[in-house]
């Protein structure tokens, strides 16, 4: 594939926001300036591309954004972009600004959009993994995942205070629809009695048995972490079932919810986002199109988008084994 | 009332735990040592008094507890203490240790227990206001309330990141069954679009109208704070009703739940708890019985328990007025 | 004094910044809009008034600022404003925008400027207490003080982790040149072995004696809080002196410094700043000029600026007494 | 080398403490119980081994320690352990308890002790990398490093608030005597204007030039990160030099100091410490002696201690390159 001449690059965020998106935007824009490119912000993701909500960015736009959660370019769903007509309109808008290439920051849906757009119009596009779910291949960690894990354990630390004071059993639901990455990290990190993730089935009977053994061992409080997407149901549902077997137990449920999406990015996510933002621009200049830039073993790796979004990344078996040893 | 000679004081926490209880226990125990008293920890509140779970405390017990959430003396409900037989058993246990007086840290139910116990057995007892709800008279602020407000706004700060990125409307439910103190503080502190508290009725139509006006003013995100105990229902219920009137709006609900009870106490709560812990011991030595020690205008005030627990403390009208001005 | 008709109000921050200044600006501007006034931002304090760096504010300017530390209007020192010519130039600039009245947020120097300006040109001016030092009369707490105390204790909590692991003695210097408010709060809140404040002299011998007693009592770690402005010198100096008497002790010094000035404001400071911001506008509309709005016993009080800046507010004797009892 | 039968394992922490040490101890002890071993805590590192301050641990000892900074086993320097006589005494004490093997958590000095001890007495010993400095080979990250980076950026976030409000230049000194790992991470993560690390020399003239260019570009605030061990001197020294070239600039210095050592460990460090704690026990049972367990590319790797402590791990050149691009 030939390397095109690129002078103007558009940046957008799409899908569920994640902490570090601003840091990634900033890094891409600053790297663009470093390489004497013009940089454009496309607001509200593909929706903004269709509505022509596109603005040239200067260094002021990216001042004091690195440390903030969310995305100042905003994010939105776009039904219209799923249609060829929508994408054509979006492409025409891009061209009207003279935009040569795209940096798309988001999850699998967002990257799929970049892939389609590249295929249909040949516009050089590179994706960055921006999602708290960590469910993208081609990178050890997605931007926002580490922050979400920290947010989760800090919340669970608080919950443990009250759980211990009252000898209670808490079911805490964390995010993660298809993969239990946040759950396993937060579970190991908060000394959970059990961790329920989509990848592994744990029959209610086994869970009840485990909790009974712990009660006998006089563990005063118990915290069970539940990934929202588990096949056994959410935290409330599981708590209900467990209650039937352990009626004497004071059981509470907390669903952490959207607070896991926000907050100042962690040091890890700031570094990851900064590196990948630079890599996106350098990748485009080197003719890397239709790929996602990720960090594997601390090295930048470009993976074809189609491969990166295949949803087969699951919690490491060894992590699960360690979790088991530590919760007995 | 004559002042009794006091040599051994028992301390207990009871009811829902709140951040700063440990700091209050520590201050009471340390003040006891300062006045050459023996100090006893009664574990799990009145339940532990009945079960004779009482231990003499030394300075090691209170090392590195000030900064921790929860209560190391633990807390529990006691059905048996509600019966005269239960209280008699509790009293006998106290006497078997030679305990002369009591410091009870908790909410209205806990203080009521102290009052009854004093009335029936004449044992000098003093209460400290330990609850995140701030619903006790006789003190400007209860121990734990300020920390809970800080926990709430920090969580809402994170939620705002994602709300703003997606132009969403969030309903955030905070604790406060009978009073909207956390709601009003967190609402003003997080620039909420509206605050629903038990003290003030806000018809759904008014709320919808307000949100419509804000939408026209292009406020991109909106956060509505709901106290759990509101007559119009919890956050989920209200969100459901609003959705019918604003179907185009992307509405989400987060219930902060028990994480508001935990966490390291704030500077304010550490100071408050420390002062009141000392005041409890000095009050007992000065013959102040059947009272709650509180801080009013930064001065220690002793209020008869029966008066302190009358639940007529409500959100200040002027605070509500300010909230209205700031959310337009 | 007659009440003037006010239509346009300028807001400025001056002196050392403090967390909550943004919340105060936002509240004043929003209250201004509520009362149908035009609101102007004067950038970089009095310096910007002289340089005519003044802009009309709309609601966008105050979106998402409440929760941020610092001041988006910026702050600076102005030598020129100390001269009559400088103030004349400043006044002319104000008038060129048609600005009728001023809200000045800052410490004693900033409020003095407002007082002078009012006296010389008769322009209605109201001050708000914005300083982490809490050294202004006319208010129980200044905007930013509570946040600074929380920042201090959170830092000291971390230092205690390592102090305890190594049985070390740490001298931690906190801000507070003329008054030991942060020191006393942070000291009580972090179970300090001793607290050195400008208001009370503690001979080195007494400090050494205290530390020796604690060593005998096998307190493994000791933290001594030093207000920067103490007559016995800063933390480094005192540590040096103590080392001579306790050569076997592993002594470390940490100066918290400017991180105490920043950070998201606490719940308390957000509420305080919000109330006072509204009070400033309502005060001006009611003809309250040359005064500072403060909160005393949770009620808005207007104090003549000349009285508010008289620097006689000192740490409460009873707080000092409590600190002593708790550190034995 | 033959695999010895191991029944009793001693655990100790040594050298500067780091957040996550408690999590590593807990994981090792819990894994020991899982494999039916007896576990012993050796207090105050090698010093405690010599003083026979050794206690059998049960599950209560490791309850609620995972989330706490510091090390509950404490740490200390031991001059005596550097002598053959000291080590002999230590060995005899170990044997008197029947302790078969050792887990040593600490930095290079601590691991060297383990290596010597193994060589002299043949006692199976495994090391874990516990230091905030990240200066050990054989692991991508040391336990505590990620937390220290997070502590640093959170402090710098606060400093930036006040730096921006006053258009100031701040020199912030972070830990890292021989390596600039914290500096480079915190520098990239806080959008620093420049980062001075021991690995790279930056002449004062270049730094001044860079700051001048930024001033022209109207960057209102500048933060320069300095690793404490830089050859150009500490932050205070460099600030002094820069001041001479930029006399008009308002320059401030903050030395973060020991607060970087404390605090609740981050999610990353909790996971890392938990995995390595389990790996230490499993390694010993598999006959891996005189090695350090680390995590490379998310896999447990055992590296001979002599190789792990060779201090040649330096900041990645590519990270430094990225930092440069992002600070222009």
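Residue numbering begins at 1 within each chain, and the chains themselves are lettered A, B, C and D in the order written.
By our rule, a residue touches a chain if its C-beta (ideal position, glycine included) is under 8 Å from a C-beta of that chain, and two chains touch if they have at least 3 such contacts.
These numbers were taken from a predicted model, which means no experiment stands behind them.
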Neighbouring chains common to subunit B and subunit C, by label: none
Selected from A-B, C-D or A-D, interface repeating B-C by over half of its contact pairs: A-D
Furthest chain, CA centroid comparison against subunit A: C
Length of the line joining the C-alpha centres of subunit A and subunit D, rounded to whole Å: 28
Cα-centroid distance, subunit A relative to subunit B, in whole angstrom: 36
Intercentroid distance (Cα basis), subunit C paired with subunit A, Å: 39
Residue numbers of subunit C (touch at least two other chains): 157, 160, 164
Interchain contacts, given as pairs of chains that touch: A-B, A-D, B-C, C-D
Sites on subunit D touched by subunit A in the complex: 26-27, 30-31, 33-34, 59, 63-64, 66-67, 140, 146, 149-150, 152-154, 157, 160, 164, 185-186, 188-191, 217, 219, 264, 266-268, 270-271, 274-275, 278, 297-298, 316, 319, 322, 325-326, 328
Footprint of subunit B on subunit A - complex, ascending: 13, 16-17, 19, 21, 68-71, 74-76, 151, 155, 157-167, 170, 220, 252-263
